[in-house]
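Down below is the structure, laid out as structure tokens.
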Amino acid sequence: MISVGIIGLGYWGPNLLRNFAESAGARVTAVCDLRDDRLAAAAARYPGIATTKDARDIFANPAVDAVAIATPVSTHADLALRALQAGKHVLVEKPMAASSADARRLIEEAARRRRVLMVDHTFVYTGAVQKIASLVSGGELGNIYYYDSVRVNLGLFQHDVNVIWDLAVHDLSIMDHVLPSRPRAVSATGVSHVAGGHENIAYLTLFFDNNLIAHIHVNWLAPVKIRRTLIGGSQRMIVYDDLEPSEKIKIYDKGITVNSQPDSVYQLLVGYRAGDMWAPQLTATEALRAEVAHFVECIERGTAPLTGGDSGLRVVQVVEAASESMAARGRLIELDAPAGARP
Amino acid sequence: MISVGIIGLGYWGPNLLRNFAESAGARVTAVCDLRDDRLAAAAARYPGIATTKDARDIFANPAVDAVAIATPVSTHADLALRALQAGKHVLVEKPMAASSADARRLIEEAARRRRVLMVDHTFVYTGAVQKIASLVSGGELGNIYYYDSVRVNLGLFQHDVNVIWDLAVHDLSIMDHVLPSRPRAVSATGVSHVAGGHENIAYLTLFFDNNLIAHIHVNWLAPVKIRRTLIGGSQRMIVYDDLEPSEKIKIYDKGITVNSQPDSVYQLLVGYRAGDMWAPQLTATEALRAEVAHFVECIERGTAPLTGGDSGLRVVQVVEAASESMAARGRLIELDAPAGARP
Amino acid sequence: MISVGIIGLGYWGPNLLRNFAESAGARVTAVCDLRDDRLAAAAARYPGIATTKDARDIFANPAVDAVAIATPVSTHADLALRALQAGKHVLVEKPMAASSADARRLIEEAARRRRVLMVDHTFVYTGAVQKIASLVSGGELGNIYYYDSVRVNLGLFQHDVNVIWDLAVHDLSIMDHVLPSRPRAVSATGVSHVAGGHENIAYLTLFFDNNLIAHIHVNWLAPVKIRRTLIGGSQRMIVYDDLEPSEKIKIYDKGITVNSQPDSVYQLLVGYRAGDMWAPQLTATEALRAEVAHFVECIERGTAPLTGGDSGLRVVQVVEAASESMAARGRLIELDAPAGARP
Amino acid sequence: MISVGIIGLGYWGPNLLRNFAESAGARVTAVCDLRDDRLAAAAARYPGIATTKDARDIFANPAVDAVAIATPVSTHADLALRALQAGKHVLVEKPMAASSADARRLIEEAARRRRVLMVDHTFVYTGAVQKIASLVSGGELGNIYYYDSVRVNLGLFQHDVNVIWDLAVHDLSIMDHVLPSRPRAVSATGVSHVAGGHENIAYLTLFFDNNLIAHIHVNWLAPVKIRRTLIGGSQRMIVYDDLEPSEKIKIYDKGITVNSQPDSVYQLLVGYRAGDMWAPQLTATEALRAEVAHFVECIERGTAPLTGGDSGLRVVQVVEAASESMAARGRLIELDAPAGARP
């Protein structure tokens, strides 16, 4: 039974609290937040939990094995580092840190301390993304041609970060899990419509080897909510619509066939193929529930998490590069050699 | 009664033929195509029309007042130029020409000859785009923040041009008509998934003054057909879905309100506003029918068309610049000073 | 501050508990259920609440002003009657009782004791139904022509009642609130696909005066979930889709115009009118929250609830008659004179 | 090569004309209509076709092998009878005749003359309905539980018949083709909202053996167009949405499992099963094209058509009975022993 301390009970923290509290392998020993009302609500809901406004109480508590951090991004690195230094395993909210330098520091500290460092890339643990990953790695789509995601709605304008840090992180963490290779370079564009604010609309193109291209459209100022991803492959193509109550994933047996040795440029090179569509039944388990169980299992068995520090770092690297490109109106930014081989 | 000659009876030409033939102000005198079967079909359908395989017969025919050209892009400029030189008015299929140099040549010739030069930007004549133009120019949306279009499907791979020349031209011609200003620069990305082929997927970002941004996603290799445009303004926002049988345009009384003089950066700057949605009844007239009537009227009255050579040139300029940017993986290409003030 | 006792913590009871607990005008003093685990969960969530497995403890508790009943239908009448006899106000789950005779007994007891008797017709308190009621009563639709509802999904087969008692009750309670008159007769059809089971699919037609017709399709065995109501009027028509995340109500300015004095039967009698569509912004308040506040207000002010015993009785009368008609494969059953004038 | 005469060039006749004209096995020799403009249009489109305003010219023409009739319903029987008496094969628009007595007369005449008598139940020849028929007859759905169709829109009010004769005929012809048995009885309800008009909204329930139930909702006065059919079976269920551009048919591997020997009525009798959804690729051939080819083949080979006179009669029988039931507000009308065994 892993004993967990949770830091931050704002928007996401209560979900972590609930899932750890209901987990078979863990219990929540202490929670930390700056606001009394949140601590009181947690204590009322889960009698017996220690509450504190000072994270040091969590780090110093020898009964705490692991710390889950759901605070503003700017505080992730400092809190996670101190937790690791105190010998705790760490689950940190996405994005992992506010800079890749910070992310690297956490990875090093976790390695040195031999502690589990996991990033809360929740979507990776959904039935939909698990199914996509399995289809891609099983070769069902053939060669992957493109990954295109639209994630827009009338959303909360963040004060401290642009929309890439807020929304594109979801897509980048999914791509990090399902795509067969790592992006080599990024070109991004975007603008702010609020004087003095960060970009609220952004477009990212990611270049991979082998003509794989990815694109992400994120927008806090859209009249409708869209969460749709198209994944094109040489054999099949996927439409993943996260707003569908069921049938989130549709697999189309469609595509083109290319005549590789045409006699003439004027001859028809491309054939079209249309077949059935198929929407597989997906696991209904709450993603965070599966993720919490995975975190506990990694701690107990000493195994590496699906969404460890390395994936957290890769996501932060792309976000940093994309923000730099966006400031230069689409200038191509090469990405460093990938941090970690494909799992 | 304007007498029209039509050159090219492939995919689009028969629609021009039908609409000119049914027009109150025009009649079709002659048609030209390289294939006998197409000429025979036209003659059977419209007895009395002269048919020829040589465009010179059309140009030399003194009974022909105007020529409509629906041939491959590479032939537009030459055919249109010769028609103008023969003193004919010209309606040319989109894109107007294969290069902006060619487009400029046509504009000059039309001006010199005092002939109507119109580009078949059909979407501009739809009830939906007419309504959007009227909402934007009437100030209903407030300041325009962004224009975002997705135009994808499993489409015919073109041999001679990339997907921007084929599909993005539609969006660029709509934007040219409805947006309050001209793009200043473009950044585009895209790849080809067919060896030796032109790019079949592309993403264009267009930068305007005043933080207006536009983005176009075109793709010949998508599993589903999507034709959706989001237009964001400071007062209202539009979703234009061209695949909706009715209710193609939905206007959302939604948005943000920005506190312009915040006391502190930590204070909430942005408020959210949600109101009704409204889908106006649109004109049901076929766009090409309205367009043909407009062409006839411009000839008869000597007035400038809504989609004249200048708009055709502006679209070609952006396509050229976007193709150049795409080849350089997103490098920003500044656009020349706009060719023509806003109508 | 009204003190409330809640009987039944199965599927719906916890929602009542939460809403009463969070209500400004009420507090929950005691809860009753037959299962220990449910009582323990309630006590943990709301420390200080008395728990019991015997409803008599609730009735005998002088600190309890009102009782909310969320138990199986067969027990509604007995529990509600005993609560009224003990001088408590009563909010009872829909359907109000298992027979109209029972429903009448409750109405009489509440009148004699001068207590509030309210039926939990939750949908009546949604923003969508409130808007429909206001449009109908404000004459926006003109004369109401029809009300057509489809309420199907792969649902829980009930053991003790047919699908009309389970699902059609929702539609009947909405119709009772929004339609301008009461049904005069009903014809229903349906079958059971489970040996020995109650009907799991049913179709009800309700006849009103003035050619108003209503129809309800309910089905526990549908592959997809549908919750869609069409309401036709002489001036406008409504589509109410409860599964839409926003835009649940769409109002169509469409219809026919009838030439009332045609010269000839062969002449066109009917004209068609198509106009804009409009989706009004709806109140986002949780329906049960509004309902609980309304119950408290009725107790405090001694006013009649929107969904009092009379509306509960009318719904039960139709369900009884429809079940009788269904057993006779559509035989028309006349309904008694309406119990209560339109509010 | 079958020589065809076509009578009636109103709404549907031109489609018959085009498909027969383009058919490999047939040619159109003559057309008949009362209006000069329609005849002129046909002659212009298909030079060489004989035109007449008198159907007798068609019947008397020895060069005509077969007659296609697309006139108002009230004239079907007379024209078809005279065509058969003249020795012609007949394809008659749906509904086959204005009464079952008339329909029987045609069947007898065709049998006596050994001529093909086929009814234009076009939907039967669509890829969607062909696929449904194949799934049902192949046992993919298990036992069929229900068939539920909604066919509503703002449609043309007919002067001479109610909405059942106009719209429900489509569903009845599809059911006649795909369902494993024949209806035994019908209960229908409906009203007219136009003084002196026929019913413009109607609901039909059809009872079959083995608890199979069917229901059809037709409405000329709906704000939106809906064409959706649910078919429930013990193994799988189908949603057939004819307005979907692709994926018209979705097959759900969902349902219930019933415990046949429960120990107790209080025990859970019913289990729920959810699996994948599958949308098969459908034939894209125009239905009328396939139907015309089938008619020609039946004539050439002397075989019985899929939608022969017997199916036309069965549909008319149900429409008659449903209209009678509707007039009596849902009174159950037993249907005669089925006219013809299942094909």
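Some observations on this one:
Note that the chains take the letters A, B, C and D in the order they are written out, and that residue 1 is the start of every chain.
Assume a residue touches a chain if its C-beta (ideal position, glycine included) is under 8 Å from a C-beta of that chain, and two chains touch if they have at least 3 such contacts.
What you see is a predicted model; the values in this text were computed from it and never measured.
When the partners of chain A are compared with those of chain C, the chains appearing in both lists are B, D.
Placing every chain at the mean of its C-alpha atoms, the farthest one from chain D is found to be A.
Centroid to centroid, with C-alpha atoms defining each point, chain B and chain D lie 43 Å apart. Centroid to centroid, with C-alpha atoms defining each point, chain A and chain D lie 53 Å apart. The centroid of the Cα atoms in chain A and the matching centroid in chain B are 39 Å apart. Residue positions 274 of chain A are each in touch with at least two other chains. Residues of chain C touching chain A in their complex: 44-45, 47, 225, 243, 245. Taken in their complex, chain A has these residues touching chain D: 246-247, 253, 274-281.
On the chain B side of its complex with chain A, the touching residues are 145-146, 148, 150, 152, 154, 157, 159, 185, 187, 189-195, 197, 201, 203, 205, 207, 211, 213, 215, 217, 219, 221-224, 230, 232, 234, 237-239, 250, 252, 254-256, 258, 260, 265-266, 269-270, 272, 274, 325, 328-332.
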